[in-house]
Amino acid sequence: MGSDQLLFYAFGAVALAGSVLVIGQRNPVYSVLAIIVSFFGLSGLYVLLEAPFVAVVQIIIYAGAIMVLFLFVVMLLNVPREDAAEWDRTHPLYRSGPMRAGAVLAVLLIGQLVWALSRTPGMAGGVADQPATASSVADVGRVLFTDYMFAFEVTSILIIAAMVGAVVLARKHDES
Amino acid sequence: MTGLPLLTLSIVLPVLGALALVFVPNRDGAKDGLVRWVALGASLATFLVTVLLWVGFDASEAAPAFQFVERTTWMPAFGVDYYLGVDGIALMLMVLTGFLTPIALLASWEGIHKKVKEFSIFMLLLEAAMLGVFCALDVFLFYVFWDFVLVPMYFLIGVWGYDRRIYAAIKFILYTMAGSVLMLVAIIGVAWLHYTATGTWSFDLFRFYDLEIPAGMQYWFFLAFTVAFIIKVPLFPFHTWLPDAHVEAPTAGSVILAGVMLKMGAYGLVRFSFPLFPEAAAYFAPVLATLSVIAIVYGALVAMVQPDMKKLVAYSSVSHMGFVVLGIAAMNVNGMQGAVFQMLAHGISTGALFCLVGMLSDRRHTRLIAEFGGLKHVMPRLTAAFLVITLASVGLPGLNGFVGEFLIMLGAFRWDPRFVVVAGLGVILSAVYMLWMVQRVYYGEVTNDENKGLPDLSVREWAVIGPLCALAIVMGVYPNAFLKPMEPAVARIVERVEARQPVRADAGAPPSAAPTAASALPTGSVR
Amino acid sequence: MLSLIPLLPFLGFLVNASVGRRLTKSVSGGLASAVMVASFLVSIIQVWTLAGRDPAARVIDETVFTWIASGTFSVDLAFRLDPLSAVMILVVTGIGSLIHIYSTAYMHEETDSEFARYFSYLNLFVFFMLLLVLGANVLVMFVGWEGVGLCSYLLIGYYFSKQSASDAAKKAFVVNRIGDYAFILGTLLTVVTVGSLDFRDIATYVAALPPETTFGVLSLITLLLFIGATGKSAQIPLYTWLPDAMEGPTPVSALIHAATMVTAGVYMIGRNAVLFEHAPITLVIVAVVGTATALMAGTIGLVQNDIKRVLAYSTVSQLGYMFLAMGVGAFGAGIFHLYTHAFFKALLFLGSGAVIHALHGEQDIRHMGGLKTHLPITFWTFLIGSLAIAGVPGLAGFFSKDEILFETFSHGYTWLWVVGVLTSLLTATYMFRLVVLTFFGEERFAAAPAHPGTSAPGHPGTNAPGHLHDAPPAMAVALVALALGSVLAGYLGVPHALGGHNQLGAWLAPSFAAPCAPAEAGAPAGLEGLALEACAPGEEAAAAGTPEAADEAAKTRLELTLMAVSSGIAVLGIWLAFALYSRRRADDDPLAAAAPGVHRVLLNKYYVDELYDAAIVQPIKVLSQEGLWRGVDVKVVDGAVNGTGQIVGGLSAVLRLAQTGSVKAYAASTFLGVVVILAYYIWR
Amino acid sequence: MIPLSYYLVLSGLLFTIGTAGVFLRKNLITMLLSVEIMLNAVNLAFVAFGRTFGTVDGQILTFFVMTVAAAEAAVGLALVIGLFRHRESLNPDAFTSLRW
Amino acid sequence: MTMSTYSFDAVIPVLCVTLAALVIMLAEAFRAKGERMPIGGLAVIGLLGAGAASVLLWNRNAASFGVVTADNYALFVNLVLIGVGLFTVIFASQTVERDKLPAGEFYALMLMSLVGMMLMAQATDLLLVFLALETMSIAVYVLTGIDRNRAQSTEAAFKYFLLGAFASSFFLYGIAFLYGVTGSTSLDRIGSVIAAQSMSNNPMILLAVGLLLVGFAFKVAAVPFHMWSPDAYDGAPAVVTGFMSTGVKAAAIAAFARVFLTALEPMIADWAPVLWVVAVATMVLGTVVGVAQTSLKRMLAYSSIAHGGFLLVGLLAASDVGKAGILYYLAAYAVTNLGAFGVIALLGSADRPNDDLRDYAGLWYTHPALATLMTICLLSLGGFPPTAGFIAKWYVLSAAVGEGYYWLAIIGVLSSVVSVFFYLRIVVMMYMSERDARPVPAPMTRMALAGVGLSVAGILYLGVLPARVMDWAQASIATIF
């Protein structure tokens, strides 16, 4: 087992463990922190995949900005634990149904994904068999602002929409 | 012949009348009188146009099959045309429609007080659509009119009907629509066959006629078309919408429903089902005939025990329309001519019956037979009119009902006498239920005080019932005036069907001669 | 000219029906009678013209217009006067005129509008009856056939306030319709077989065929037509309507239910004589049914107490005789009896009407008696009629009935002859029972007040004996005229045995023979040449007229013997009636005393009405009400329709519950979709 | 050398954990986090594929996904705040007034 | 990728709308509190500009940046979407004021979501499809919840959002797999790669197809991915419901068709059976569940689901007739549904939406014109001639029958019969029930009424004289497929 494999397993384990923790316990604060841990793991994997820029962005923007926003909201609303079923007005029959169904379906899904991947040709080859033609930040920038220029511009509208939306939705209720 | 597009005119006139009515301000019913006259005027003008059609129609053998033809492209992308024309059959039914609509309007002159303007608009739209059904030669156009007919009728039943009107209206529209939509699929299917055969789109009926449709497909298409039509007719066991619709509909609605709309179904059989799919028609004709004789007897028996006059008449329609389908199924000149004649006769006599029952129910606000009795003492004229129509309805020779029934039975007899043996029972039973009703309503002493002092026919009511009675007699005494114009058309259809039916050239071909159903099922083409 | 005969009564109908309510009784009644008399006169002229022709050419055809034409089928509105229809139109218009005149008095207590209504119906009836007899083809005949049924319906139900009257009217129409059903089937079979409905074409076609030895298509046609006739002419099994039809005014009973309409079936067989002759099996059925009906009706008539019902059963019985005649192939005899019967039965009915009129509506003979002094004209005319029907020699009934019995015997139907003779005994007995109880003995009407139930609404008032008055002039005229007819009518057909020439038989013969090659091109293409061999003009008539001498003598002896037997029987019957009924109180019927069970059965008319009701009417009603309507229609058919709706609605109500509102459930649905689709792709 | 399938399996596992999280947790915020995990799983797949092809396309796609994720997070959190204001709860099953 | 493709032509319509959105936001920013400003007018100008641009671009097959095309197909959808936008502006003029919605944000978001929709129709690259879809979605999520004073509005928005994000993840995963197999996100490239080698046995591309199908089906609200739609339609303000039930569906179907009928067309044998089941389930469930609804908006939500099923039928048929049928259907459905929701919006009041079925009792007696217009919309939804809905349904069914999908057509027409039942329930309420105390709606603006009238005119135009639009629809598909 080479060092990259070791690293892969280590980062993968971190990512998985973080993710499992996100959904494995009830406190949302811990969940946010756990997902940040998971992101670190992913970031490490990106480095392994020779995508340093993505790795950095993953930490700085994703973990640093977006998750902090989450944390901020969690703190703002101050709901440390999941509340019990006092608000649960669904029919008793349906109360735990989706939960169980979701769990079963999730197992099926991973089974399907693995099964499918195992039968897909070309999966056995190493991810880095081909030398990367471009992977530097400069390459990324160049491609982003040529081939993906229009998509990049579109994201601006997306972000404006999200901003306006967030403002509209989160603004205090009208006094009327 | 005049250059006027008379067919378009007959369709447009009622629509124009309806449009004119839209602009009559009548918020509180202040202008009801004006509204009524405008509507009546429009419908009378339409009637005039249909009469002009009749006058201008050339019934000779050498004349073109379809006359007054108009054709304009409508949807070039699909070869859909605005394509109108009439042969003798359609002509007669158009005249019937033109005749009955003013009658129906007049019949509801005093019975309708609510939203008179809208009522009149719906009546006129209904008329336009029905006329369109009869003269459309483009199958798509036909379907458009066919389906649209449901809408005004739905409103007429639902808004101006009696107590269970909503149930009846919804049942009416859903039931008949359920049948029609399958026909729509079949129409599209035939159009595709035409497209694959010729590479061009068309919904031209005559091009469809010329198609060689594989037998396997014919069975399905025939069923789809025919179910749509026999629901409308209605044939047992698709009839249960009819009693409800009739009972709940206002008088005018019942008149039009029984008088014209049921004929649309039979007309469809004559114009589409049989000529388009002759092999399938031969195969299914015994089934249709069986259903129709069941309808004849069954309708009569059930009519006999109805406590409600309108329901009784409604079931009697089931019985009478059974004759029509029997005549069509026989597919010979006698049978089909009888069927068309019976359509006209039934339109007149059942329309009149509904008018008369409507007059009674206008006076007494009930239609239960048990509520009446001895009415002959208080309203002898109405009784006389009722009796004439009753006799017409039971098929007394000399009145209109006989000619059709006789020709139908003759046609069916030439084909397969067994059906006639059963169908003839309807002759007995119709007398039973109609005369029993007459007896219970009109004879005896006036037992119910509310029936004392009911007024006899008013002038307006004379205007409604007089022409109907007169026509019932004229049609019975001189039916040739009606039979002659339709004869070439009927002969042509019979010829077309028979020419393409090797199995059924002669009378009484056993049904087993037709290919079996199993081999007929289309395979693989349905995903 | 020919069409004028039915047209005149029709005009009378139109006037009375449209403006009759505004006319006075004398105007409307007078008009109705006048058109009848006019029609009678036209008929005479026409028949005179006909008689002036050579016997083989005695046909007058008149086509008004083509009535129904469809494809190869075409039928004209056409009239035909030949010897047979000539007899009929004379009977119809002649006796019809008398009854119209009689009615002007009889119905005089009605209101103006009701009076006009009555006469309009009566005129309409005559119109249709004439259409029936003059019709040149089956369909025109059928128009009349149905039309007279309609008028019968209207007139039976004339007193429409009475439940029993309207019931009887409906019953008459419906029972007739059952016959019509068969008639139509027969007609259709004729069209399909012969290709035409013209009587001449039918006869021509049939004449070319040998008589059927097995039950073939001709037998079927004739049987179906005969079933139609059993309805119209009140034979087993469809006779039940006729006794009930006595609910109508008495002149109506006389005209429709005795003299004319009910004989239509007999006429129809006569009209299609050639056809029937080619179906011997049917003829046997006709004869047997006729005889059975005659006997059965005679037995019932023996115990009935309603004066008109006795006459009604008598009519049924006499119609049975006529069918017997037709059945044995003695068409002339049948028509002869039809013609004589029209006189004496009309007379009897009108006489009974006079009695009822005098007693203000009383119809129960137990409440009569001793009327012969009070109502002399009525009594004497009624007696003549009774003697005629009983077959007392010298009167009309004797000749015709005798001819029937003779023909029956001579055709080898001995058993039928025995029954016929027995019936003849019964006839004499019940008729004179009627005479005795009505006109002889003590006056029971004083003691018994008019029974409200049997009192016709047109005849209210007291029942005081002092008010008895005999028939007013208009009625008397009719009675006397008919009495004369009852005496004299028979002399048109005096048999050879008695030195007569049976002129009527000779006159009628061409009508029963296959037609000659058509003088005027009447036969449709394809029929010419078929029947020429049967067309030696007057051959059969001649054959009937000139039998060989040896046979002639034997026949004469036989005929005379039979005549003596039946005359004796008639006298025996009359004696029996006097012996049994003249000395007793009306209530204790000797038959009831001797055989109460038999009496009860007879009084209840063999329970046939009850049987029909229980076996046919009620089952159909229950089947329709509970089985078809509430069961099949509402539950099954409509149940399926509404059930579909309910299924959709129920499905909807259930499926919407899946929409729980929980976002997790929604996500689960999406997720499920994903997994299922992927599963399909991976594991298909 | 690490096969591509390793990354993809890892991506699949993460994706599945994300989907499961949507169902398992009764907390709106955690559910949002679960969706973020799913998006990250996709990102991993993109980058891994991109590396296999040796181009930067995969990375760039990742940026766009992150942008979308950020936008979704913003709107989602705003909605969470809005919901909390209405009902003082973050339990998704508290919000079932719209149903059937 | 050469510089010559850096032409801006193809994005001019989108730019117009974007500009309008930005101007509106600026205007809103400078608006004094309480000042009335014709913000809607700005939106109209932008939309008209976009419309004009689309018309001018007709038949020119412009393409920009290698990822955006302005072929006739896209332009047709664009025009429909612009129409949707215009109608929404017209109806919103009343609702925004009455319900005190933030006007600037409302219009801006609406225009931005339109930008997303138009780009979905125009995009030829899966990445752009995804971004456009997200742009559209995020704006629509917000619009759904824009009446934030109402708990239901927010709840609807959240459900829509969460499920939308969930489904987007699947969609994205599908893109990832497709990218993994073909090395590209460009539809052309994907198509040529797939066509070059048989991919039916490659599980990964099948995963991709399945996941993409899920993503689009979700936006089309196809069963079983439909569950968001009744709640979202119900909770959103009626104007927004009208907007999203037509616009989102149109955009999603447009992109769905483009992706599946170009790039994934070689795999039609693989996705058609799945789509068959989905289409049937969608038509049946949409109509059947609609029967039991009592809220008008919810009812129309189910109706909208069912109509989505019909659109899928057209897609499934995949013939020229089917493709043109889809376009025609989109236009007809848009004009019809907008009219219906316009009426619902008009009848609402500030305190409650008045969308319960009983609120419509006797509407004909109090508001005859409105009831008549609503009736025509409902008849069109039910597919009665001579309305747009009939022609549209017939068009799509023609396609299905032509490809031999008889059963699909039969199920479709039968479900449309069932759907007629609930449309008629509304009619029954309006015409055949009387009610003394109807909730009084806020006074209606002339403009909104005219809007409904306009949509009805459109319905009748498309129903009676469909030839021209039909020709356009056929011309639209000629260039690309």
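Per-chain residue numbering starts at 1, and chain names A, B, C, D and E are given in the order in which the chains are listed.
Simple rule for what comes next: a contact is a pair of C-beta atoms (placed from the backbone, for glycine too) under 8 Å apart; a residue touches a chain by one contact, two chains touch by 3 or more.
Small disclaimer: the values here were computed from a predicted structure and weren't measured.
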Report task. Return the chains common to the contact lists of chain B and chain E. Result -> C
Query - Chain pair bearing the highest count of C-beta contacts - result: A-D
Requested in this report: State which chain is most central when centres are taken as means of Cα atoms.
Outcome: B
Report summary line: Relative to chain C, largest Cα-centroid distance belongs to chain A
Report summary line: Distance in whole angstrom between the CA centres of chain B and chain D is 64
Query raised in the report: When the centre of a chain is set as the mean of its C-alpha atoms, what distance in Å lies between chain A and chain B?
Result: 68
Report summary line: When centres are defined as mean Cα positions, the distance from chain A to chain C in whole Å is 101
Query raised in the report: So how far apart, in whole Å, are chain C and chain E when each is placed at the average of its C-alpha atoms?
Result: 78
Query raised in the report: So which bits of chain A are touching at least two other chains?
Result: 89-90, 98-99, 101-102, 105-106, 109, 112-113, 115-117, 147-148, 151, 155, 158, 161-162, 165-169, 173
Report task. Please set out, as single numbers or ranges, the residues of chain D touching at least two other chains. Result -> 8, 15, 18-19, 22-23, 32, 52-53, 55, 57-58, 64, 68, 71-72, 75, 79-80, 82, 87, 92-93, 95-100
**Report entry** Contacts with 2+ other chains: residues of chain B
**Finding:** 174
Query raised in the report: Can you name every pair of chains that touch?
Result: A-C, A-D, A-E, B-C, B-E, C-D, C-E, D-E
**Report entry** Complex contacts: residues of chain C adjacent to chain B
**Finding:** 65-73, 113, 139, 142-143, 146-147, 150, 153, 157, 160-163, 165-167, 169-170, 173-174, 177-178, 180-181, 184-185, 188-189, 191-192, 620-621, 623-625, 628-629, 632-633, 637-638, 640-641, 645
**Report entry** chain C-touching residues of chain D, taken from the complex the two chains share
**Finding:** 19, 22-23, 92-93, 95-100
Query raised in the report: Which residues, counting only chain D, touch chain A once they are in their complex?
Result: 1-10, 12-27, 29-30, 32-34, 36-37, 40, 43-44, 47-48, 50-60, 62-64, 66-75, 77-82, 84-85, 87, 89-91, 93-94, 96
Requested in this report: Note which residues of chain A are touching chain E in the complex, please.
Outcome: 112-113, 115-117, 119-121, 146-151, 154-155, 157-158, 160-162, 164-169, 171, 173-174, 176
Query - chain E-touching residues of chain D, taken from the complex the two chains share - result: 8, 15, 18-19, 22, 28, 31-32, 35, 38-39, 41-42, 45-46, 49, 52-53, 55, 57-58, 61, 64-65, 68, 71-72, 75-76, 79-80, 82-83, 86-87, 92, 95, 97-100
